[in-house]
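What follows is a pair of complexes built around chain A, which joins chain B in one and chain C in the other.
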Partner chain A sequence: MKPSNTPSSDRLTTLLYVTATVGAALLAVGAFVAPDRIWSNLLVASYYLVTLSLGALLFIALAYVSGAGWSVAFRRVPEAMASLLPVTGLAVVAVVAVRLKDYAWHPRGPHSGDNFWFKDWWLEPRWILTRAIVCVLLWIVFAKLIVGISRYAGPHSGTRSLTSNVRLSAVFLVVVGLSFSCVSIDWLMALEPMWFSTMWAVYQFSGMVMATLAAIVVLCLMLRQQGVLKGIFTDDHLHDLGKLLLGFSCFWMYIWFSQYMLIWYSNIPEETSWFITRTHGPWLPVFVANIIVNWAVPFLVLLPRPAKRNPGVMMKVAVLILVARWIDLYLVVFPKTVGSTPVFGLWEIAAITCGIGLFGLLFFRQFDSASSVPSSDPYLNESLHHHC
Partner chain B sequence: MTANADTLRPPLVTGDKSLGDVTRDVCAPLERRPTGSWWAALAVSSTMLLVGFIAVWYQIATGIGTWGLNKTVGWAFDITNFVFWVGIGHAGTLISAVLFLFRQRWRTAVNRSAEAMTLFAVTCAGIFPLIHMGRPWLFYWMLPYPNTRGSLWVNFKSPLIWDFFAISTYFLVSLVFWYLGLLPDLASIRDRSKGLRRKIFSLVCLGWNGSARTWHRYETVYMLLAGLATPLVFSVHTIVSMDFATSVIPGWHTTIFPPYFVAGAIFSGLAMVLTLMIIARKVMSLENYVTVNHVDKMCKLMLSMGCLVGLAYATEFFMAFFSGNVYEQFVFKNRAKGPFSWAYWTMVTCNVVIPQVLWLKRVRTNLAFVFVIAIFVNIGMWFERFVIIVTSLHRDFLPSSWAGYAPTIIEILTFLGTFGLFFTCFLIFCRFVPVIAIAEVKGVLPAEKREQDDVVERSQEVAA
Partner chain C sequence: MNERQLLVTFDHADDLLSAVETARRERWSIVDVFTPYAVHGLDRAMGLRPSRLTWVCFICGAIGGLGMLWFQHWVAAIAWPINVGGKPWNSLPADVPVAFEMMILLAAFGSVFALLAVSRLYPGKKAVMPSGEITDDRFVMVIRQDNAAFDADAARDLFEQAGAVDVRERVTDEEL
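Here is the complex of A and B:
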């Protein structure tokens, strides 16, 4: 049964169409009224979505490389997310490309000198764009290959396609380690080119994985409710995803704290600048809320076993984490690009609704374009009978 | 489809073993007289231990002026060795706790010995800061308790004191976790022995009776301790990294240190587990329990940790140049091209370049190759700490205070002594405690083996 056949999914499709269209229309208007804010919103949204699709591909690759069987039954969900990489990747490259000047730190500026030859070279606008295009292309190629092999595996080629995907995934893990380190620095950290932190890529990685897991939970539960994954996505899968979500929420906090604490402790002016903007004045409440929604609440809620097996609770926590991820990125981008006061209004809502609508529409279309279960995967049986 | 999955998941125990075979095979080395090679190994390691003991005695009696430290390089060999040994210990907790939470059933073959290594390695590590205190007999001043020493109180803001807390907690939890896991196996030995040996094992297995209720309690506590030990894997090396990263020294102060140190620690720990287990499985005829399949899996983990460490090296270099900070840039140029560049390139070769051959399955399943690679990783990880500590210090901000560093013979002998301690402890462990978790390995035998054997053994008991 496909989601497009059920009345509830018809309503959902219509709703997604409406949100996407209304959001896009508003953004188009906003591009003339408040270009800076629209650009910041588009950067947050496109980065958010590209990391969701990249995170999904990472999830699949990790499962292949570690020989995991449990996640096979619902693998079509992360696969559909990863298939959106051409769209989300193109979006983020376009957003970065239209405002390359925001990344161009002034090479002859007050701090410039011989010590900055590397920064001059690294943050040269064309070079930023080249890197972005190369990295996104690499992700797209790997997504096409890995998802393609999984989707079009014939009934008797299960083991052979598994072997090729394990190999591809292992290579992809190396590619993603290097490319994601580069682009997370380029697209977000370089917004404040005088600031630097070696933890940055790890911090972005932890947020990416956490949000991806939350999105997988939300989408699997929706598809189960619609009947597509009924009896396939079980409470045991939900439980394991819940454990991972709890683990990565703690990992995010660990990385966040390590970065913050070390900068706070050493108190070196070049490094503290980033945190001073965000811990003083009106940004402070957002700064604190970020920790509460990304870690404190998910941690306390997900700790008991029954919570992780309860679809209602898991849905709420996953949605909260998706909101939290937005706040986390908002806190990275907006203090630099929009100003000293947090803003939330029509333009933010427009970008969020447009993002959700577009991602949802494309996701369900991708999901419908293949069988809902990877039936030739040798681990499928193990996954369907998974108990934890 | 099921047949497919079976070939993809090779059996964890080979040789068609029954439940009884597992107990017999693992207990066999404990029940026969030690072999000549065991005595020879013990003779070598205890001699090393004795030499180390004399060196420690000498330096405590004389003072740590016997070390090669100077005003510029105030931390060197001692802290390198400390971090090296703490790191070795990490694989134990990773395998026993983290892989337990991830339901990695292959861990059962190596968790016991890896946990034992954790305990011995942390003991070795503790020796260095203890001596460095200068007056080791006053080490308890590190404990924050209401005392009669006036205003003498620990500095809670110092990462060195966090380190003391973290490592002592780690040691205690690892010890309890290890001992708890031992209980059913100690009971197995009790049931197989007579006389004094039986009395001793009755006492140490805490009255284990194998009832369903005992098992239930055991598994509950085991799970809880695994959950508690997991944050400890991260916290210990995180705090060790903060000993450096909270400073303002270029090369030490960098935010990536916590996860980078943890990855490095797991990397070195796996290398040490592989080094010892490849020998132990052969000498103790445990090839059916620690199989090539297990080695393959550990190699994959080691390769991924090696790549993560490599990424961290690259990130540090990148950020030093990106930051535009001249001092950062100098430290990293000095690492790669300065007087200690040989140490830096040894580190890169051993930790990043050589482990890349583990991409090949043929290498991962060739135990001789794996053994050699594991030795390289052990060496590389020692050099990593040496490079971080010494190259960041030896060329100070003022060129007039630049200095070199070379360890004295006393320092080298102390380090040798810790190897003696580690290997002596490990050899004794192999003689008195089952090196493989018998009860846990029984749990990963195929289901039909478990059921069939129960019936046979029960009928034998009835007959007896």
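Here is the complex of A and C:
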């Protein structure tokens, strides 16, 4: 059931190939010209992409564990995203490994171990790298198993493959809760090792799920337009994804504010430092824009029911949220690694185009390598007739 | 006021849906449709307008949220300024949680009470049902015979062909 290559998908492949190549070439040049900025861009891009594929696996696992039937019809989309974990995972580990010294706990004086023995132990560079590798390997294994079982379920496998995937997904949910908390703290929060926030992992989790939902919306609508998911991905599926997107946009805002307000209220210098740099001077407009594009606009646009059923509106909001996710991560990484002024130029564009090109190319290759609908899933019929 | 009604009973939701479409095509006025559970697509088949409850919810939520922001600002910065931890009197972050809670409270109460008022429900109200079967396993469509041109026998034939298990006429002054 491999979809035939239409002229539009051929053009898209060429376009993605060109953007990926040009972006990569520019990044390679930039690595010598502006290494700090290139590294920051690579960290944002690889973290962005690894959380997209991890979020997709989380979406699949949640559907399995909750016995959700509605999302089965377009499950090949998050499955193809999750199949990219070996690439995106390797990328983020490589980026972190290159600059392990930046994560080193500092200052490492002779007596610093007394007060900060835990930080001393936790932020040991080799230990950070070990954790990164272990977590990413775990995700890859679960992605291979869950996606593999779903893809190669025979027409007469009945509920057997469903049952194995429900069990695997339940274990994966525990694994991802622990591992994602660790690495989101390691890779992003530890860039400023003196600063800490107990809301960090859930803040990163909310952004991950929101961006994943937006990416699923964009990709499903693209595939429907190409004809592959025509009549399979319906406006009712779009509506439900829109509700989730609205919900997670509000959840992101809720968590963002919870983190901000706790720190604002207690007003302890070692906690406020992170926000001081981001709410003063030229970073302030980015700080405010982050809230507007991540929550205010999606919230107001997605509130009415017709908006969530309208492919045009949903496409625009989903793309806006994908941009917003980049701004959110940019605001986490750049004030520390690049400096006191926001920068946006050739290197940022290079990293973004390279990321989009690579992800798109690999995604469509993965998507084309399996049937476009999980035809042996017992819930498929329910999903095709989903009404909401 | 007494009115003549036609009570059409079905065993299957699919028959009900197609009968609702038939009734709409014939321009008979449907009083209401009673089902033991929510039947998907029924609102579309009946041609119901989208609920206006969302607007009640939105407006109540906006009143709660903005009203509480204003009230806290008035209390903390205008009427009785108190220095809390050296923070400015008009501190927005401190006002957000209460405004948020009030927004949800008013939106929820507004929706619930608007629903009760519009459907004329109140505690202890006696249920008016066209038939007891609708709480068990049957679907009932109630049609109002609102003009002389309505041919009850023709309608009965049409519905029985469409799978109705029972078609009954009644004259009632009950408001369903």
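FYI, the second predicted complex is superposed on the first by the 378 of 388 C-alpha atoms of A that agree within 3 Å, B and C clash if a C-alpha of one lies under 4 Å from a C-alpha of the other, contacts with A are read in each partner's own complex, and residues count from 1 in each chain.
Just so it is clear, contacts are C-beta pairs under 8 Å (C-beta built on N, C-alpha and C of every residue); 3 or more make two chains touch, one makes a residue touch a chain.
For clarity, every value in this text was computed on a predicted model and none was experimentally measured.
*Asks:* Is this a clash or a fit when chain B and chain C both end up on chain A?
*Replies:* clash
*Asks:* Please work out whether A:259 is in contact with chain B alone, chain C alone, both, or neither, and reply first, second, both or neither.
*Replies:* It touches chain B, and chain C stays clear.
*Asks:* Give one of first, second, both or neither to describe whether A:339 is in contact with chain B, with chain C, with both, or with none.
*Replies:* neither
*Asks:* More chain A residues touched by chain B or by chain C?
*Replies:* On the superposition, B touches more of the residues of chain A.
*Asks:* Have a look at where A:159 lands relative to chain B and chain C in the superposition and call it first, second, both or neither.
*Replies:* After superposition on chain A, A:159 lies in contact with chain B alone.
*Asks:* Is A:116 touching anything from chain B or chain C once the two structures are fitted on A? First, second, both or neither.
*Replies:* It touches chain B, and chain C stays clear.
*Asks:* Applying the touch criterion given at the start, work out whether A:285 contacts chain B, chain C, both or neither, answering first, second, both or neither.
*Replies:* neither
*Asks:* Please indicate which partner A:268 is in contact with in the superposed arrangement: first for chain B, second for chain C, both, or neither.
*Replies:* first
*Asks:* For A:196 in the superposed arrangement: first (chain B), second (chain C), both or neither?
*Replies:* Only chain B is touched by A:196; chain C is not.
*Asks:* Can A:305 be said to touch chain B (first), chain C (second), both, or neither?
*Replies:* In the superposition, A:305 contacts chain C only.
*Asks:* Go through the superposed model and pick first if A:35 touches only chain B, second if only chain C, both, or neither.
*Replies:* In the superposition, A:35 touches no partner, neither chain B nor chain C.
*Asks:* Tell me which of 21-29, 39-47, 129-137 or 147-155 in chain C produces the clash with chain B after alignment on chain A.
*Replies:* Residues of chain C that clash with chain B lie in 129-137.
*Asks:* State which residues of chain A lie in both footprints, the one left by chain B and the one left by chain C.
*Replies:* Touching chain B and chain C on chain A: residues 261, 265.
*Asks:* Enumerate the contact residues on chain C facing chain A in the complex.
*Replies:* 40-41, 50, 54, 58, 85, 87, 93-94, 96-97
*Asks:* Any idea which chain A residues touch chain C in the complex?
*Replies:* Per the touch definition, chain A meets chain C at residues 257, 260-261, 264-265, 267, 303-305, 387.
*Asks:* Which residues, counting only chain B, touch chain A once they are in their complex?
*Replies:* Touch list, chain B to chain A: 1-2, 4-5, 7-9, 101, 103, 231, 234, 238, 242, 245-248, 253-259, 300, 304, 307-308, 311-312, 315-316, 319, 321-326, 329, 359.
*Asks:* List the residues on chain A that touch chain B in their complex, please.
*Replies:* Answer in residue numbers: 65, 67, 69, 111, 115-116, 118-119, 122, 158-159, 162, 170, 173-174, 177-178, 181, 185, 194, 196-202, 243, 250, 254-255, 258-259, 261-263, 265-266, 268, 270, 378-382, 388.
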